[in-house]
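What follows is a set of structures to go through.
First chain A sits with chain B, and in the next complex the same chain sits with chain C.
Presenting the complex of A and B:
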């Protein structure tokens, strides 16, 4: 980068940095808010004005993973003394942990829902990206009759708010027995994402010179071998970018998950708000569930960040 | 090695006809050049030989086999392109061995190593073997892609403007290297270029193409001195030939109203023609019959090219570099009447070819 030496240039630079800082703060503040809330005592979480200084505690996470009930009477001291430290945290808050017939602590459904989310988001992402990649390759490399119309048709599936079809989807899914199944949501999310993946990957495929594969064809490889050996490695950046977007869409989807699942295949997004509490609104539990829910996307995006940065600017292939 | 025969080949893409009625016969071990401007159909022709495009009509023969329906892998041809010819992300060694590792060939590691060794020594790229292709200069890249063709020991080498992306010095060096290589290998080369200097210096034979058709096939010298039509005359030769519209009156050429000069050889009937004369056949001397003004001077070191203005005509002449001339000087010129070519004024066909 050129060294900016003029006075006005330096000032312009500072303004730019300031603007970037402000934008960063605006974008990060919800994350800060939800993260701090997840570690706040219940009283401070809803205090007005909001408290900035507080003693962090992990009670919300304990609550998130357990089932609880309001204490109707003060807990007996000997029971309190016998309880492990994490149970004491809950008892201090005026709640007791639910236990089964054997006296074992009953865990909440959060881990199951979380795993459901992972299974459904990862599978549908893999499906959408691989189908999108192959379709985009076809459109990019072969003369397809009515190519423009077909591409438009593919995109048209995203031209209405998905929720519009929620009721018919619900009825159809009920008829074919896909309600509350992993397969049902995987099919749905794949269908959402595949049109997007086709369009995004088409851009990346067009950027890869077809000379590479032609060289491989002449060198004695089949079209398939050329695709896997030459095209796919070149398309890695595009695949990474597309995968991140597809994963985030599937991971965060709320409306259909709420309507089409309730137990077995329910994902985390509809589950988290259902934990709002027994008797009072416990925002700290919601915040704890949300913070944990953010982690996979953060990890996924972080792992692919190099690809992603290059992918966003397209033209990722050096000419 | 191989003989290539294209028989009545046409190729259209939708409404657009890229190649029409092409007949080419390339002899075994020949360096054959397809020369023409952009869009002439050279690359399409090459791709049809490689099997990357299927001709709309006509057949392709390699040796005596009709390969029209074969895929690129089966034809055993090697292709060198102008750009993107190397696989990215692979080292030079992996690039060179890539074609040999195809299942079609099923070669042992020892054989691969042997061929790699031979190719890299031939092209003097041994020191580059472990480098990634993005760390190569343009010249090195083209060497490696030629190497990737050599390791295959193919029946035919197809080259699509392999030197065009290089700078002038390197191009010149690789030109003679490539010609030398072809002679050593004794292989059949089909070389596509738009650069007539490459065609003239390297080709055993040249096919000049224009708008999807062959304008002329022949040895470089024949194409140069006896072009079939004004297109070939204008395309081959640098500095370009002078093409002047005029008439034959009696025994002379009249460029009304500017000048007239004598003609030699078999007399053509009177009428309108296009006269072609190469700059080196125009002589500038004090006693010459026609007076002109110096319009432009290009100093090429080895000689000077002066553009002269006579009336509305511009005429280029090659003169010795020592001659001193200045813009707007008055000079006199003549031409070698034996070297004047006559082209039909409407069709542009050389009269000598018309008769044949």
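Presenting the complex of A and C:
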């Protein structure tokens, strides 16, 4: 496998590369398809045969952010002329934008859900990573009674099926008024991610030589100063990688959000599919919502590429 | 074990003691997890012995083990369990074949390998529910790209009782083969080169080298990948829930969701949740055992 010297070996190598390329194209085609759908004219999104060539347009994104109604009669030319370019795109498609009493464009629910997702994912990430980092330091540097059992307990909370936890959480949150609140979801996502953060950060902490801190202690630092001034900067890469993983998990989470939120604090994952099934489906708008939602994850995946293995194995496999 | 400076030393007496810091760093997180994970589960354990319905204010009666007995006698739940089992087998073996196969192909010098690997890993980072949603578009019987590309006419992937489960499994395989690939690649790259050289000097056949050198060395990491995916596939909710409502393709998590939040049978649902929980904890136990083994290497 590794030793490729013979002619047949080189040929085999070329065939393998060709196969890998073909598989990569097949693997990426669903993502390509949803992305292009977000830029298609409505009629071409569901045309038979599927259209591969089309004139890209951003109408679906305009529609995604606005509330619209079917045009019952053609718009008067002077109104059409006065409309901004993005409104013309919608008018061309036979719809008009809904406006409130002051004539302002009414936004759809999507931006709110997107912002909810951002608030909840970012806050829970900060909490989970902070707690995970200090706890990992505790486990890494000090003798903790029943360490193996505690670490197993911590990881096992991560493995619980969301629906199983959601049943009592729903009842408890209802009792204390945390259903459909940002705080409620933030707490749950923090609990879900903190176990992961502890495991991943413990690996990173174990890699920092403890001589660094001991030298600092000898130099007159307290242990807390050594932790903040020596250990944390050393662990920066690990903290960043852990944070990105926690963010992606919280960003993508569906089951808890579906059960524990419905309007005010609803995040994008339960919202995006709920647009389906209400009358005629505009797949271009759903695709636009999906693409915007996937962009942060795609960017983070590239930033994380060297840490994916480690994160996916809870820090156990380090390469 | 890690030891710290001895308590008598000058350094350890400045500021907070190590024991204070350890407690401060470890106890809050453990307490937090107990409050938000263990306590709720104890709460629902209590409900699993009652006829409680979260949607009504009727008096709650203690029914003993009746909920558990009912569940074990319920053919719908048994069907969900067997559907789930079959789903796990199809989906995890698919991921294993595609993921390990890809890793074998990628385990050679390829120009732009890093980029290629990252692109292949993209699916597993995406939100399962959103993935399920856009595969719905791909599977659409009349204008989906899949039927068109494969010339399958009007195959109704997600509404056909016999196909729906496989359609979900295919999506899951697409999404998670990269995970198996990632771990396999790590295992393959850890096989010492000199073993291959020795095998080639001995004129061992490629097949023999694969089964006697590569596979035994990669097996531990493959096992971790398979156990993890088995556990995750067993818990599958989002993808299946958003893709199909076919009763023949109903996984145990979807059944649980319906019992708890559509029919509001909180008591019986809690009992079923406990049965599922115990199964998941068993797999977790095995998983962590192998994870720790991998760590020691």
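Note that the second predicted complex is superposed on the first by the 253 of 319 C-alpha atoms of A that agree within 3 Å, B and C clash if a C-alpha of one lies under 4 Å from a C-alpha of the other, contacts with A are read in each partner's own complex, and residues count from 1 in each chain.
The definition used in the following text is that a residue touches a chain if its C-beta (ideal position, glycine included) is under 8 Å from a C-beta of that chain, and two chains touch if they have at least 3 such contacts.
Please read all numbers here as calculations on a predicted model, not as lab measurements.
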Touched partner set for A:251, first chain B, second chain C, both or neither: second
Which superposed partner A:233 touches (first chain B, second chain C, both, neither): first
Dominant contact partner of chain A by residue count, chain C or chain B: C
Partner chain in contact with A:160 - chain B first, chain C second, else both or neither: second
Touched partner set for A:295, first chain B, second chain C, both or neither: neither
Partner chain(s) touched by A:209 [first = chain B, second = chain C, both, neither]: first
Partner chain in contact with A:222 - chain B first, chain C second, else both or neither: both
Which superposed partner A:303 touches (first chain B, second chain C, both, neither): neither
Residues of chain A at both interfaces, chain B in one complex, chain C in the other: 214, 217-218, 220, 222, 225
Parts of chain A lying in touch with chain B, wherever the complex brings them together: 209, 211-212, 214-222, 225, 230, 233-234, 318
Residues on chain B engaged by chain A in the complex (per definition of touch): 50-52, 71-73, 77-79, 81, 83-85, 87-89, 98-99, 102-105, 134, 148, 152
Touching residues (chain side chain C, partner chain A) in the complex: 1-5, 11-12, 14-16, 18-19, 21-22, 24-26, 28-30, 32-33, 36-38, 40-41, 43-44, 47, 54, 102, 104-108, 110, 114, 116-130, 132-138, 140, 142-145, 148, 174, 178-179, 182-183, 186, 188-189, 191, 193, 196-197, 200, 206, 209-210, 214, 221, 224, 231, 235, 237-238, 242, 253, 256-257, 260-261, 266, 269-270, 273-274, 276-277, 280-281, 283-285, 287-288, 291-292, 294-295
Contact footprint of chain C on chain A as seen in their complex: 1-4, 13, 16-17, 19-21, 23-24, 27-31, 33-34, 37, 46-50, 131-132, 134-135, 137-144, 148, 150, 152-157, 159-172, 174, 187-188, 190-191, 194-195, 198, 210, 214, 217-218, 220, 222-225, 227, 248, 251-255, 259, 269-270, 272-273, 276, 283, 286-287, 290, 293-294, 297-298, 300-302, 305, 308-309, 312-314, 316-317, 319
